[in-house]
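Scrolling down, you'll hit the structures one after another.
Okay, so chain A shows up in both of these, paired with chain B first and chain C after.
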Partner chain A sequence: MTIYNFYIFDRNGVCLYYVEWNRRKQSGMSSEEEFKLMYGMIFSIKSFVNRISPTDVKEGFMTYKTSKYRLHFFETLSGLKFIMNTDLNVGNIRDILQQIYSTIYVEYVIKNPIIELDKPITSELFKTKLDDYMKGLPFFPAKVS
Partner chain B sequence: MGIFSVYIVNKAGGLIYQYDHNTQRPEVEKTFSYPLELVLKTFDDKVVVAFGERDGIKVGHTVLSINGIPAEGKVLQDRRDILDVLNDESNYPINIKFGRAKLTANEKLMLASMFHSLFAIGCQLSPEQRSSGIDLLETDTFKLHCFQTMTGIKFIVMTDPKQTAVDIFLKKLYEVYSDFALKNPFYSLDMPIRCDLFETNLQAAIEQSERQGVSNI
Partner chain C sequence: MADEVLFDFLHMELVSYIHHSCVKEDNVKDTSIAKLESTGFRVGQSLIERFTKDSARFKDELDTMKFICKEFWNAIYKKQVDNLRTNHQGVYVLQDNKFKFLTQISNGKQFMESAPKYLAFPCGLLRGALSNLGVNCIVTAEVSAMPACKFQIQIQRS
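Here is the complex of A and B:
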């Protein structure tokens, strides 16, 4: 089991934070373009799901999987989007994304008075707290590259 | 509930077959008195609730009928404009039925091509070597399963989140497609499928799979 990478987007599509752990393939474009593509894909999937769903959606899109990885998506009411890519053995981790929001993002970004909320996060404290949290997860691989 | 609908998309992203199976769309019927509390707007040639969710009427629901007269886009079947009818005080009290509009053929075509591109982007954004596109997309109301053949045709099935053994059904669908569409001498490749035999066998496969999916739980 492994975690590949993690994105946070704000409601306008700005990538606030990106981190990767065991990513084995780069997308072959600049990271800025990759963020745009990722945000665009999530935005389109959300609208696709809303339109094609036979009944009214509440949470909407939650996760998708391919033959090699699984993408988990969590959106807060304020439009903040948390996206995590893991391998296929990881089950439902919605609560973990929710916890990253409530115990790390809110504590170390929202409550930090010098952070501008619409700019990418550069806080070292947030970075280390998130890294520690991820490494403590049961499905984070023991051998960290 | 089982299987909601089946889409077949050719290698260029064009929809070549679509089938809706027992989709029950939620409908809410209610009688209103003059100033209508709901805010309605026209969107995509339909009258849509823009504000004021209440009693099961949600934002995004369209007006399906007024006083039992079905709506056709922005007008009623008797050619009266829906917004004009609702603005006229003498028509009240009025009975309006709201619900999710059925997808039109045009919207289905658009959504199918949209999924085709999402499939390709999902492949491109993979953090792992040699990944396929989207196999399974999960939401709270349905699961979308997709199977791409070696020749690039995609079979897309939307099911209830609890439906099991959908991968077997997808393989069966491929079999039905090969047997009754491809082997039909009048069928031209990558063109819309209009074969009765294909349709009946597809329906039989859906019903069989729904029975099995339920008994497996």
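Here is the complex of A and C:
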């Protein structure tokens, strides 16, 4: 049970925050390119899923799975996108992503007057709180490589 | 529903607005602190009228200070002042270990330079409240490690 990494994007595709804990293989391109690729892919999948859906759309795109990892996605009403890559043992963590939004992002980013909303997050307090929260989750590994 | 944050957000925007307009006008940052303090002064005066309209006269200065530390602080910041010290010669130091406007900013040293801006309005609030209670004073604030901060009140006897 592991969490590999975590991204936060805003409504315009700017990557506000990225952190990795256990990433064993790099993607072979610079961080900037990787963020653009991730955002573009998520945006395309989201609209594709909504269009091709044979029944009424309720939540839209939530997660995809490969034989090695699973990607979870949560979008808020304000267009903020939270993306987390975990291993396959983890179930649906949509409500965890929602909790991260409401208790950590809103508390320490929105309520912090010094942080500008469309720039990457620099607050140490946010980083610490997020780290503590992640380490408290049951599927975070006890040893970190 | 979101009552407490209304004041927080309004204060955040007030500081940012006054700061930007001062920097644009005459390129001096200190006038923004003075403006925020005088705004707080006026608000403090009215607030204290409202809070004390039913209470009895205060016995002495120390009693006034205790009222400020308990009821006044509680009504505005939803908590009491953690520590009150005095040298019995007109200087009081109020210490708040988790000041409401600083808790979300940082947990130590980051963003220290911007902290004084957010303390100007509270200083004015204190000064206004005390002035309407008949106590003329000077209020200054200092931050060594967020979110704790100290307000120093110097009574002026003439």
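One rule holds for everything that comes next: the second predicted complex is superposed on the first by the 145 of 145 C-alpha atoms of A that agree within 3 Å, B and C clash if a C-alpha of one lies under 4 Å from a C-alpha of the other, contacts with A are read in each partner's own complex, and residues count from 1 in each chain.
Definition applied: a contact is a pair of C-beta atoms (placed from the backbone, for glycine too) under 8 Å apart; a residue touches a chain by one contact, two chains touch by 3 or more.
As the structure is a computational prediction, the values presented were derived from the model and not from experiment.
The superposition on chain A brings chain B alongside chain C with room for both. In the superposition on chain A, A:108 makes contact with chain C only, not with chain B. In the superposed model, more residues of chain A are touched by B than by the other of chain B and chain C. Once the two complexes are overlaid on the shared chain, A:19 sits clear of chain B and of chain C alike.
When the shared chain is aligned, chain B comes close enough to touch A:34, but chain C does not. In the superposition on chain A, A:123 makes contact with chain C only, while chain B stays out of contact range. Of all C-alpha pairs linking chain B and chain C after the chain A fit, the shortest spans 28 Å. Interface residues of chain C facing chain A in the complex, by the touch rule stated above, are 5, 8-9, 12, 15-16, 104-108, 110-111, 114, 118.
Contact residues of chain A toward chain C in the complex are 107-108, 111-114, 123-125, 128. Taken in their complex, chain B has these residues touching chain A: 4-5, 23-26, 58, 60, 100, 103, 107, 111, 114-115, 117-118, 121-142, 144, 158.
Within the complex, the chain A residues that touch chain B are 4-5, 20, 23-25, 27, 34, 37-38, 40-41, 44-45, 48-69, 71, 85, 87.
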